[in-house]
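Multiple structures are listed underneath, in structure tokens.
In the two complexes below, subunit A is the common chain; its partner is subunit B in one and subunit C in the other.
The block that comes next holds the complex of A and B.
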């Protein structure tokens, strides 16, 4: 295992290096996945292009649309004051990843391009309808996060492109978000299943006006529970209704059984977590609008 | 193989090393600089024995390239207290019997330091969560938690007892 190390100091230079090295190169952000894959011998890049000196990739913007630079760390998300309210799901997704050492360096961009179906923050961003911006020699393009990952570890990002940010629309009034994850223990755990939701209530605070539900670790990629979303629209959010939404979500997910849990158990977790996440959203909307 | 010249600020002292670009900070600390207090184990950022502070933040040196640390301030366990002295965390770990085999302790203490620097008045849950990235197979953690809470009290009572402040 050996490679050349590059430390571009501008986006332009990073893109040029990325384009020059193509599949022989890898961008390095936090390294919590890349370095492990290199140590395991699963990746053997000839060139590693560190993004640590590239300016402009670590910004969080909250005016109008919300935007997270690719190099924003999990720790930054946890400590961002603007995410403590209605966008709380982002904090809840970030704070359950690894230990402090990992969260201090692991980035949003790395989490996304890694395309693990169990990436917690990605599931939250999916519920927020995030769009991604990538930059390559041909310029910038925007890609919906939904559909960005096509299989575990596989995305539609081209080898010469760099993911620069994820952004999503500002939340509507009477909206809250929540995230829950199930694992075998509380720390340093990969999700067995996780669920994020963004819920908007009607003016009477009773019926679902709009909802997005995203599921993690229960399909080859993070996925939206679209049938459950359609079922909820316009319905009053009683316990019975949210439980039914959970049952619907459990039938549309496509989990595998592995060392962490059986497929059946994962589906049961979805059926349980969906109503719990919705209940949290409800509580939060009512708390903040009362 | 090309080697790159690196200037690493370790425990307040600048070290010039020549290292191949793929080598980790952990490897350079242990092999080139003889700073073997930072331990090596999983090499996958799972166990925390290689924890060092990079500009005040706890990081796993096993997945950090030495090249990424060019010009940045690193604190290892060797630099936590002045020679011959103990940092309040080290003293508390001894007083509370928090050390058995000892292999996880340098990383544990540095993770605790990073946390206490930002949270001088921690509660037990906070400490447990802060040390979640550091595995110990001997102690069952309880005494480590007690020692960390006790060190926090000692540091509040006498902040100057932290012999050397980390560059942030």
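The block that comes next holds the complex of A and C.
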């Protein structure tokens, strides 16, 4: 395990280094994925380019569209006042990442680029229809988060591209979000399944006007439960309906069985957690609009 | 019996606490010497293979590499405590994935790792024996073809892949089953779990010009390691010195030789000090984690709930070597009887070779596995007979003066009190408050391991006291307990006592930090030393003060009588000037516990010394859909004999329960085709602080005649009952009985589903 360590102090310098090293280089944010992978011999970059001293990557913007800089830590999401209401799912996703030490350094950008199917905050961002902004030698481009990851650990980001932020539209009225995760213990746990939802109700607060459901750890990448979403649209959110949505989501996910859980249990968790996140959303909308 | 005491019986801070909480305490893993090299061990990827060739030439030429050793560089010695079946490095046969093949020493850990990667291993895979069933199948391949020729304890019953069958026979089980109205037969299985000590196994070795090798290691048993290492190195034991600078947890995982032999051999080869320390991956693939078990229990019972007979068999997977297996299989038979009066018993414990790591001792070895089976079955019986599980237990538990399974006479039996107080505390009368919530109870017994302990106790010229013991403070406050006993008897303050420990060259012998024995045995050795010291002190004080000995008394660091007074310090100074100082050698060995030898076979642990008794009760909820378990309350009532340091005992109980809940709910080393799938701390799931409820401790005190002030061993027991208590509470909450450990949410959820359809 040897590599050259670089500490650029501007975005431009970071991009230059990224372009120079190409596939031999890796950006380092919190290092909670990267260093583990290097230690376990799964990655062996010749150059590590730290983003620690690069300014402009850690802003949280909430006027108009909401935007999270790539270097925003999970801890900051947890403690951001603007996320405690309708965007509560962001807090719920961030606050269950690892333990305190991990959350103090681990970042949103790292969570996204690492492209683990179990990345908790990615699942929330997927339900929020986030778009990513990247910067490379050829300039800036935006990429939909949905489709950004193509396989475990693989994304469409080019080796010399830097992720700068994730943004998503402001929530419509009568909207709430929620996130739930299942694992063998209550902290320091990689999801064996997790579910996020963004739900908008109609004016009568009865029927589903618009919904996004995202699932983690039940497919090679975080995924949207599109059939369940379609089923829900326009329907009243009775227990029966949300349970059916859970059943549909469980059939469209593609879990594997591994040392953490069987495929069958993962599907069962999806079927259970989907109605529960929807129930939470409902409760939140009704609470905030009453 | 109430005793008026000053220091024992009080919650005092641990003597090792300030150093540990401020980060200044030295552990073996911290230990370093100038010029030290870093050793690493190359381990097999194959679970079972013929080793054809090891090419180390490229590794030896790498920068920084100072030595590469393979089997031909090591004395051809087979060692082992009960069966001599293990070698330092594999010669021609590989018996588990993780077995050491070679060792390297280099100037940095990275250079050592690079050297390991550069060694070429050629081997021919053989069909592995993956589990106990495969090992016992007719015509199964032998893990040790030459098993019959190995040196072994003569008492063992060995047969091919079985390296011991221990047996207890009492009465006639067939007759007992005829007397029964109902017969219950159940099968349980448990997984291997790691001791989870925070500090990896570590050793630093250095040779001196006289040919003495000193090893600083975090072993629990410095004197056993001295013997084993001397055997491996073919040296007299006096040429091997083991020092324990500190231990960051052991729980049985640091009983047997760990890194000491690799460090010593590499240091011999290089002429430089060498440090070897394990990685998490090595810990989870090649350490001494708890034996997985299969347990079959058949119990006969009358309709009114009287146990008439039990036939039970427990098979331990002992892995590639016997190690602790034969002994633990013996202890298991006593645990299979449970703390119950059953007139007819046929109990067998087997240690079975497979191609896996040498599973070993873990806090109350065999306890949780056997207890999970028999205490789960007690609830199955109670449910079937329509009896309250507490009442069924109370009807059958052993009482004062009754016999244990091998005929030992039981005294200081506080079990009924434990059961009743645990049940009261958990609110037993409301056992199923609502759907999905339930309470469970489990009880058991355990030994206070024997073995001998010696101490030197010396009075310093300032009146303080040096306690020199061969035991190591493993983090249980056991030596604080021993020092409390010493301070109590000698009439000094705890702060006056300094402890020197665990150096085979300079400290007296001790059987080691194992089996809940340290405070008990070292404490008693201190009492013997004080008795001797008091004679010396009073004789000297009498001369010095001119007062008859019988008129003198020791009080608060002084000797007083007839209005005269002198201090211990002054007497020590007088003695230093005239008599070589005030020093005493105190010794203790647990008196043998008489038992009926006709009842046992192949048994290396036929009776429990000064047994302790305990009951655990849990109150939990189960999520009917996800199977997730939430523990609301957890109560332990433990008969500790006499609580030398109540706060320290509560700490032992809380820690033991946390570990026990890990075994009950989340921890397991998962094997697939002989390889560990989760050899990292991401996927090996020890509980976090959020997973462990507050543990409520009730200290029950039925003093023994043997322990210091009546104390019993307290360290291991809290680890025994959690799996059974949880299994019983889950069954009470859901009606679903999980018979395999760990009781994961997945198992519960799928069982609930299976029942629903």
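Just so it is clear, the second predicted complex is superposed on the first by the 290 of 290 C-alpha atoms of A that agree within 3 Å, B and C clash if a C-alpha of one lies under 4 Å from a C-alpha of the other, contacts with A are read in each partner's own complex, and residues count from 1 in each chain.
Keep in mind that, in the parts below, a residue touches a chain if its C-beta (ideal position, glycine included) is under 8 Å from a C-beta of that chain, and two chains touch if they have at least 3 such contacts.
Just so it is clear, the structure is predicted and the values come from calculations on it, not from any experiment.
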| item | value |
| --- | --- |
| First (subunit B), second (subunit C), both or neither touched by A:48 | first |
| Touching partner for A:99 - first (subunit B), second (subunit C), both, neither | both |
| Touching partner for A:3 - first (subunit B), second (subunit C), both, neither | first |
| Subunit B versus subunit C as contact partner of A:190, first or second or both or neither | second |
| Touching partner for A:86 - first (subunit B), second (subunit C), both, neither | neither |
| Touching partner for A:182 - first (subunit B), second (subunit C), both, neither | second |
| Partner chain(s) touched by A:272 [first = subunit B, second = subunit C, both, neither] | second |
| Chain touching more of subunit A, residue-wise (subunit B, subunit C) | B |
| Touching partner for A:261 - first (subunit B), second (subunit C), both, neither | second |
| Set intersection of subunit A contacts, subunit C complex versus subunit B complex | 1-2, 40, 99, 186-188 |
| Touching residues on subunit C, where the partner in the complex is subunit A | 110, 113, 625-626, 628, 665-666, 670, 677-678, 680, 682-683, 685, 687-691, 744-746, 749-750, 753 |
| Complex contacts: residues of subunit A adjacent to subunit B | 1-5, 7, 28, 31-32, 35-36, 38-40, 48, 50, 52, 75, 98-102, 104-105, 186-188 |
| Interfacial residue positions of subunit B with respect to subunit A in the complex | 1-2, 4, 20-22, 24, 43-46, 48, 51, 57-60, 62-65, 67-68, 70, 111, 114-115, 129-134 |
| Contact set on subunit A toward subunit C in their complex | 1-2, 40, 99, 182, 184-190, 259-262, 264-265, 268-269, 272-273 |
